[in-house]
Amino acid sequence: MNLSLLIIVPVFVSMAILLCRDAKQVRIAALLGSAIQLGLAFALFFAYRAEREAGNTAQMLFTYKTPWFAPLHINYSVGVDGISVAMILLTASVVVAGVLVSLSVENLTKEFFFLLLLLSSGAYGFFISLDLFTLFFFLELAVIPKYLLIGIWGSGNKEYSATKLALMLMGGSALVFVGILGIYFEAGTFDIIELSQNQLSVATQHFFFPFLFIGFGVFGALFPFHTWVPDGHSSAPTAASMFLAGISMKLGGYGCLRVATYLMPQAAHEYQGIIILLAAIAILYGSFATMMQTDLKYINAYSSVSHCGFVLLGIGMLTKTAITGAVMQMVSHGLMTALFFAAIGMLYSRTHTRAVEKMGGLLKITPFIGTVFFIAGLCSLGLPGFSGFAAEMTVFMGSWQNNDMWYRLATIAACASIVVTAVYILRALGKVMMGPLLDQHHAEITDAGWNEKLAAVILIAGVVLVGVAPLLLQHLISPSADAIMQNVLKAAL
Amino acid sequence: MTGDFKIILIPLLPLLSFLLLGLFGRKYLRESSGLIGTLSLLGSALLSVFTAYNYFFVTGKVNGIYQPLVVLQQTWLEFSPGVSIDMGMMIDPISVMMIVIVTFVSLMVHVYSLGYMKGEERFATYYAFLSLFTFSMLGLVLSSNIFQIYIFWELVGVSSYLLIGFYFDRPSAVAAAKKAFIVTRFADLGFLIGILVLSFGAETLDFRTLIERLTTATPQLHGMITTSFLGFSSLTWGLLLVFAGGAGKSAMFPLHIWLPDAMEGPTPVSALIHAATMVVAGVYLVARLFPVFAISAPGALHVVGYVGALSALFAAVIACTQTDIKRVLAYSTMSQIGYMMFALGVSGYGGEHGLGYMASMFHLFTHAMFKALLFLGAGAVIHYVHSNEMEDMGGLRSKMPVTHLTFLIACLAISGIPPFAGFFSKEEILTAAFEHNKLIYGIALFTSGLTAFYMFRLYFNIFWQKDFHSELSDHHGEGPWSMLVPLIILGALAVGAGFVPFSHFVTSDGKELETSVNIVFSVAPVLFALTGILIALRLYKSENETPARLANGFGSFYQGALHKFYIDEVYLFITKKLIFNLVGRPSAWIDKNIVDGGVNLSADLTEDTSGLIRNWQSGNLQQYAMWFFAAIIGLVMVFMSVWK
Amino acid sequence: MDLSILISMKFEMALTLIIFILLFLKIDGRAGNQFFFRITNLLLVLSLGLYFLPARYGQFFSGMFRTSPLLEFEKVVLLMATIIISLSSYHWLKNFNHVAEFYMMILSSLLGMFFMMSSDNLLMFYLGLELSSIPVAALCNFDLDKKISSEAAMKMILSSAFSSAILLFGVSLIYGTTGSLDYYVLSRAVVGTPLQIMAFILIFSGFAFKLSVVPFHLWTADVYEGSPVAVTAFLSVVSKGAMAFVFITTLYWVFGNLGGTWYYMLAILAVVTMIIGNLFALRQSNLKRFFAFSSIAQVGYLLIGISGFVKASLSIGSVVYFVLIYVFSNLAAFGVISVISALTGKETIEDYKGLYRSNPTLALLMALALFSLAGIPPTAGFFGKLFLLTAGSSTGAWPLIIIASLNLIISLYYYLRIVRAMFIDESSEPLAKISLSFSEMAAFLLCAGGILSIGFMKGLFEVIFNISGGL
Amino acid sequence: MEVTLNHILFLSTALFFIGVYGFLTRRNVITMLMAIELLLNSVNINFIAFNKYLYADKLDGVFFTLFLIAIAAAEAAVAIAIIINIYRNYKSIDVDDVDTLKW
């Protein structure tokens, strides 16, 4: 399977969108384009499984490598392992759902979908890159479309949020770049596979690991570099929020794993305590901060900080199970938070408010949206049967395997956050969906349209599938997580 | 394998019913949803009874011992070699007993709800949720894996949440649902960490392996006993944490606060979830791990015993003062579960020592029958008078004869009057307690008196005392047959369940245990119960001043009990005042002002610096040249410092 | 005389020829603006084709002139930049009285740069330098009736004379210590005696002035703001590019022996330049002035690239590559400014509010240019900037790289200010719809194409890298 | 007394600094231009002196000086033209008055 299709298709579709004449054509093109992406992602998934079942044990499959800037040893090099495949599936689902939810965008429709699809190609590119430079290229590719999506179609304090997001992500990628240069300085190559086979010197790892980890951590909402998350998510239009929380934040987690931890295992050991501490803080503090929010989008955004803390916690624990859990949590959180933002977006477009205290009893008026809201909420608080549970439990089990009392305390703290999560989720659900109808104007609003229903169904299907049969996902991820762990273990010896 | 498939079908039928009703119920199956739910459950119930018969009389016994059978084992999530969540079904005496109870009570409730919930707008949703609950509960009791139990544990929690909040336009229902979920979630945190501790120590999540490893001399057991944290071995920690989860679900003190509020849900739901099945999950959990408790960590078992006894007494005292009939029943549930808990706590493993275990399970069984009956009866009463308050009732015995009779049976059963079901099980419990722990025995004896008192206080208040008149109530009468039939069936069982030779089937080690009723020993509890009944008769049979004077006499103690000893207020203080103000608010503040402020500050600083150096670009050519010249001098300095 | 020498000087010959043609046409007096515009651009484009003629590399006139593949390439880049400037100034030149003079001046300056780049001798270098800078000073004054235009010209000529005088003093000292002006001789004779270092610093300052390295940059913003847009573009792109080429040759070759020492100077100046450029750019509202400071910041990155002398061909390659990209990016921005300024006279960020709604093409081009300057993928600027940093990191100067990376954030902020004005803000009085002429469209397409495609032309960097080995 | 290279270098250096001083302090733009001529002349002296005293076999320095004189003239011509324009626009040739472009 040609992986470059994943990049080319969205780019071509976005070009096609630019050529469209009216909004209707744009919508059709965007929808088709994203559907093709989803198809491709599934095709990749099945092709990958077929290869693995055929006994192909190469770490990366479907690799393709061609020189890009030969003098600098920069290659366009792609390939996937289970982790990438999982992330690609996530991306494709979220993008389709995002396009579906945004079909009603009226203002500058063409530009909106153009940017959205461009963004998705960046995410795919990032997940399939096996070359640090290519990876960095795709990492930064996504910054500006996000800025524009928030700035043009956003709401609230959008300019501030958009600028903050762009600058903080730029800062993150600047740090990543320093880290990558550091690796290149010593090893003279950007090739991830090659780098993973030859250990970098301890001094290099020691000095550059923080750059890479914090740099990617900014994307992945590492405490205290998470402040772009609440503002950015809440000002963004629905599809952009879905994309930001669902995919963008995963770039960080993926980068921390694939680049920082994988290539610098010794440093990962060395800084383990700090990572775990920060992750635990993010988890607990994020959930407590969420408790105080009254704006639905802020609630979900802060809860994303908390949930993404699990990803970093899993990575920091450096056990195979924890890393598997971290990746599962990325997938799970991506789907779940996209679903949540979709539900919030649906509500907001109808009630024109996101303030929890201004809504009430909407379950009766909009049973579908209400149900979606409930499912997203229950998934967020880690209910079995939804993806969040399987992912979080894997993280917990994996973390507990790390036999250090302080790390275990961090795990307990992380576990404790699920109680706080329950508090704020149920508060929001109770206030918005249940109780008596607060605002009589809301009695008039309509339930979800076909496109919104379809979007929700796609995401719910993902959430439930992962929740009911997590082994599917785990078997996809686990061997690849093991490969990363092998590198870590090798370094520990 | 066909037999296995039948067993798999037991939880599957409710699941199918849930999916069907959940997805299509609201639109297409509104009218038939009750029937679908009930029929699917009827199927499950029949299969359960069949399974029970099959297990107890045909396949279960090997060499005179009931062996656990694993019917299904499907890996669901793998963590490390040997540690995986397997979705399985384990058939052993207690799980078989539980599936019978669950499907049977659930069936009763399904039938009852056909009448009780008739005309409800979200009728289909109601049945979907009931099915979901039944599925989860069956999954819970059939679990072969400790993590599986946790999964279904959460699922029953959420079904309970959904059902308590069924009348979601009532703020009180929403609050109660939230409270129930959060309090149990908090307890589940303990359960989860307990699982982590146990699974790490035992290197397995599978119940059978876990129990085997932690009850015999294995390296795992050794490891868990020798590692300690804050003075307890990690095994004790693990078990206590697991027990914390159980205590939350079973409303043990001090995690009981959600149970009375949970009565906001529809009454049949209270009967099913908050009386007969879900709330005993904690007892079931301890029973599941009982060998480990009893053999390897008797200390943890003591805690279980004392918590149970304390809860039993505490709840009974409060129950005496409550006026909402469902709340009285809720506290009585808590008290009875306390009985089951301390019965486990005072039990040993194997043979005669295992009497408490057997008694506890027995009580669980009988309690399910008469407590479901009480709730359904209360539901009928509420249905009739449209109120939960005792004050609004009275003299209903002639208007609701069936309800009256069955309710009386249930009251007698719970009070432990022979030959009703409660007598037998309570008898065993007291025997076990007497043999092991006199203090607990004393508490239990006193509590049994209190139980009889508050139950008959309830009974007299509803059916005697003043007369009740209401046109509306007269109009719809006692209730449709769908409501009365379950009452009658359960009433029959409340009488007869005690005669089941329980000790032949359910014992701690699977071997048969011979028990007999010791007449001499029974005198004390029955006397206590009768005294309680007589006092209630004296005080509440007809309206008089005595109860009020008595209440005054008890003064602050009465007030305390009436206000549930202010436990709710303590919780509110801790959560609303302490956690919100000392953790939540500061977190949000720090995020807004320090973390976010730091980012903004760096932006402002840059901006300010930019403003400060503005004058450098003065527009005067000669100053530019001056800088040029100065820069040359600066470079010379740099060079001089670098150059050697 | 060997006529093949003429082939080696093909660009210089062509430019001279064009200048003379223009001169004769001007004297003739019948040609109009349109005619001048067309004929010059046609001839320029034709001379661009000279690149594909067979070349002859080597040293001629006893070191006064030299060509190499790299030099040819650099000349093409600068020539192309000049063409883009000329094409996108259509609206300004259309009603301008001195089109022929404008072209003569600008081409003379370009010619001077070519000689300066090609010289192997300090004398020839100086002649080229003056030939390139004196006409520009006159060009700055081409908005004859504008006060600020004459002010810009005055600041330009006086400070440039001052700086070249100082540079010359350095040259004289070098001559005094070595007795030669020839690069080959100098590269061996300059060994780092105190007097040589003094001379080096003086020469360095002259370069720094032309490149607007902080603190030699103070003239830059004033001159850029006051001059006509086309001249500003020429100054900021062509003249700076040429200077960068010469600078790197001089440093690496003539003063190669002092590498370990000038490295620190470069590092310090790079940091100061980036930071100060960014801080000033932060608060500008006039776009020309804004781009003056932004180009100062860009020079900071350039210096980082140059400082990576450990891998010389990587450094040179990335500097050339960067300048190539910078040509397209900055000229795209100046093209938009030029069009809007010529037609409406508006030059502030405020005026650009809501530009996307009224003139999507211009806004998109501007945005592309800004992203490229900010180093955002997939624009070419991303690659240009990162390769500079990669080259700079070859010395292991991590503090430098870190500061440079963090400066990317500030620069992104102010580039986004313009993006915000164009795309997000709404204006009460938006600009009218502007219809572009053919030549402007051509220039813009070229720029946009360059910005978008350079990073993906696989072989391009390799070619540059390979020819960079031979300076 | 014999005039050595040092004497001449002293002279040229003095001239250089006088030129710099003049450029930095004179307010009149024409005077500033004259200061620049001083600077250039100091360079000329340097070249001539070096050529005569140290490298008499070649004429590099002399040629340089010749070119320099020519260029200085060209530069002055353009500069004066610009200064005339300044005078037209500002009615002053005081450098302090010409500072509308700043910040």
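Just so it is clear, A, B, C and D label the chains in written order, and each chain counts residues from 1 on its own.
The rule is simple: a residue touches a chain if its C-beta (ideal position, glycine included) is under 8 Å from a C-beta of that chain, and two chains touch if they have at least 3 such contacts.
Predicted, not measured: the structure shown is a model, and the values here were computed from it.
Enquirer: By C-alpha centroid distance to the whole-protein centroid, which chain wins?
Expert: Central chain: A.
Enquirer: Of all the other chains, whose mean CA position lies farthest from chain A?
Expert: Using the mean of the C-alpha atoms as each chain's centre, the farthest one from chain A is D.
Enquirer: Can you give the whole-Å distance between the Cα centres of chain C and chain D?
Expert: So the centre of chain C lies 27 Å away from the centre of chain D.
Enquirer: Just give me the whole-number Å value for how far the CA centre of chain A lies from that of chain B.
Expert: 36
Enquirer: When the centre of a chain is set as the mean of its C-alpha atoms, what distance in Å lies between chain B and chain D?
Expert: Roughly 97 Å separates the two chain centres.
Enquirer: Distance-wise, how many Å sit between the C-alpha centres of chain B and chain C, to the nearest whole number?
Expert: That pair's centroid distance is 77 Å.
Enquirer: Using the touch rule from the top of the page, what residues of chain D touch 2 or more other chains?
Expert: Touching at least two other chains: 23, 32, 98-103.
Enquirer: Check each residue of chain B and list the ones that touch at least two other chains.
Expert: 603, 614, 617, 619, 621, 625
Enquirer: Which parts of chain A, given as residue numbers and ranges, touch two or more other chains?
Expert: 167
Enquirer: Touching pairs of chains, all of them, please.
Expert: Pairwise, the chains that meet the contact rule are A-B, A-C, B-C, B-D, C-D.
Enquirer: Which part of chain C faces chain D closely enough to touch in the complex?
Expert: It is residues 123, 126-127, 130, 134, 137-138, 141, 144, 146-148, 150-155, 157-158, 161-162, 165-166, 168-169, 171-173, 175-176, 179-181, 221-222, 225-226, 283 of chain C that touch chain D.
Enquirer: Once bound in the complex, which stretches of chain B touch chain C?
Expert: For chain B paired with chain C, touching residues are 603, 606-607, 609-611, 613-614, 616-617, 619, 621, 623-625, 627-628, 630-632, 634-636, 638-639, 642-643.
Enquirer: Which chain A residues qualify as touching chain C in the complex?
Expert: Against chain C, the touching part of chain A is residues 66-72, 133, 136-138, 140-141, 143-144, 147-148, 151-152, 158-159, 162-163, 166-167, 170-171, 174-175, 177-178, 181-182, 184-185, 207.
Enquirer: Given the complex with chain D, which residues does chain B contribute to the contact?
Expert: 614-615, 617-622, 625-626, 629
Enquirer: Name, in rising order, each residue of chain D that touches chain C in their complex.
Expert: So the residues of chain D touching chain C come out as 9, 16, 19, 23, 29, 32-33, 36, 39-40, 42-43, 46-47, 50, 54-55, 58, 60-61, 63-64, 67-68, 71, 74-75, 78-79, 81-83, 85-86, 88-90, 98-103.
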